[in-house]
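Chain nomenclature is as follows: A, B, C and D, assigned in order of appearance, with residue numbering initiated at 1 for each chain independently.
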């Protein structure tokens, strides 16, 4: 099993920390979306020409993602949703679904998805719609939603005080070790 | 009362149509986010220098928004959330909250928010987490959530067949006319 | 197609009115749960004896329900959920699932479910978790979730002022007429 | 601080076990709703006579609840909601709100609420609407929503294998000890 972490934060903050805790000692691929240029989708589904090629880092990231079996989506809760940079990445899946260079549907289904969120405003309550969205996203593409962790934190390192979130990250770490090794 | 519509779609599709129906004959401002360059937020809340100035169209859009009393957020449901370009716009509010050029908190509170969504995959069920997110967003900044419409549509103009959504858009139109005139 | 309405209110109030609007001129069966005695479930799934027979009106109601093709679940929003009397009815399905007198699983799947809610505290926002619960309920038993209506009302007859809910009830009425006649 | 646990299950199952774990060694009051007779609400808000007295155990339970500072609502997830017997108890609060024998509004506000759920069908996903309902319930009466735990379990004692839920119950236990002692 190959593990990929997609980091959706614009900085090395709490969601990064939580994810790194889950990944400690695990061979995996890490992609920081903040270091990639991924443009918003330009919906060409119903235009004559269809989707046009886009010159950015999306193809690299999605190609990597399709090579892995387990995908961790790590994002701070920005305004009760995933970060805009992660949203732009996911929005582009609509293009990949129709892109003959990929077998997107076949390749993505069956992958194991995990979601790791951190937020400062009652994240375990107000982050729940975002969890439900990931559920719909995973259902749509046939990924399994294997688990999620919601940590509390505002300033960097705050999440170190969230014992429950850290425990869950450690449990996830133990589980991932059984998959990878 | 001054009315602003923020169009979040990447094309002139169903959410645009629904919104235009609600705005027929109403003096208002229309901003198409697809025509604006709005960069993702770079979270500088906890850095020494704080948020850095960004050279894009965000300042123009938020300044316009703060001048209006009623704001319609129109977006297709992309992957069960708002479009990435609208999400990037909202994410940037975190910067405005700390931007001394604005009285963001004071100016935004009390505004009336409406949400107009369209989607193709059971939008009246699977669009609900997005409605809940808007509820949290509006609550956070002190806007009132005055109503929402969810229309069904995939191909452009599909929403013309959604009689309930059209009826609701017409009801909203009647209501907005009482506010504007 | 045979239509059944399950009225979950403890009185003839707004949810009844909305449902009657949807059923005007339609041959159907109406069951008022307030007139039935339905005891809470006593979970016998894991006891030696299993579920014990219960002497109340549940068997009558579920037998009726299984005879119909379209089921309208009408309930006021009590504390953001369905009424306790409707909840007790649904809870008992766990017994029917294991009751050899019924082919519950086979008979219930494929039925068309509609949900009609009314409430006084921002029902179109705060009633959404209840809609999501019905979605899970219908999914579990293989019913299709064909639509829902959320009306606003506190005092009896308030819902008569909710033009959107009434319009939707009329649309549902037109649709049901095509099924029944 | 005085702690009350309201057990909503119809049997001594997983939600009881999880709650007992959280309460180990803590002086508290335990009420098992399955041992109480609590009738469904008969909505008399808008009748001439108003709500009529009901001869059951509700008054005892609500009186106890109002005497405590911290209330644990423990319920199995039945059909994605709280159990019918717990729902009937909560529904009756509408009567207490208008019952001159109580200062319900004054006495309930400020209490600390916790929710402990267990379920067998992806409870950490499909139990989320129920969490949101508790959020609305607590908000309405001015209770604070201090935390929730969702455990997985179908057969009795299953939840003993849910390490995360047990860890959370132990954390809650430590926290409650600081309040009580």
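In this section, contacts are C-beta pairs under 8 Å (C-beta built on N, C-alpha and C of every residue); 3 or more make two chains touch, one makes a residue touch a chain.
This structure is a prediction, so every number in the text was calculated from the model and none was measured.
Asker: So if I look at the partners of subunit A and the partners of subunit D, which chains show up in both lists?
Answerer: Correct list: empty, since no chain touches both.
Asker: State the chain with the largest centre-to-centre distance from subunit B, centres being mean CA positions.
Answerer: Here the answer is chain D, farthest from subunit B.
Asker: So how far apart, in whole Å, are subunit B and subunit D when each is placed at the average of its C-alpha atoms?
Answerer: Taking the mean C-alpha position of each chain, the two centres sit 38 Å apart.
Asker: Between subunit C and subunit D, what is the gap in Å from one C-alpha centre to the other?
Answerer: 25
Asker: Considering subunit B alone, which of its residues make contact with at least two other chains?
Answerer: Residues 128, 132.
Asker: Kindly provide every pair of chains that touch.
Answerer: Every pair of chains in contact is listed here: A-B, A-D, B-C, C-D.
Asker: Which part of subunit C faces subunit D closely enough to touch in the complex?
Answerer: Its residues touching subunit D are 9-11, 13, 40-43, 46-47, 76, 78-85, 87-88, 90-91, 93-94, 121, 126, 128-130, 132-133, 136-137, 140, 155-156.
Asker: Subunit A touches which residues of subunit D in the complex?
Answerer: 124-125, 128, 131-132, 135, 145, 147-148, 163-164, 167-168, 171
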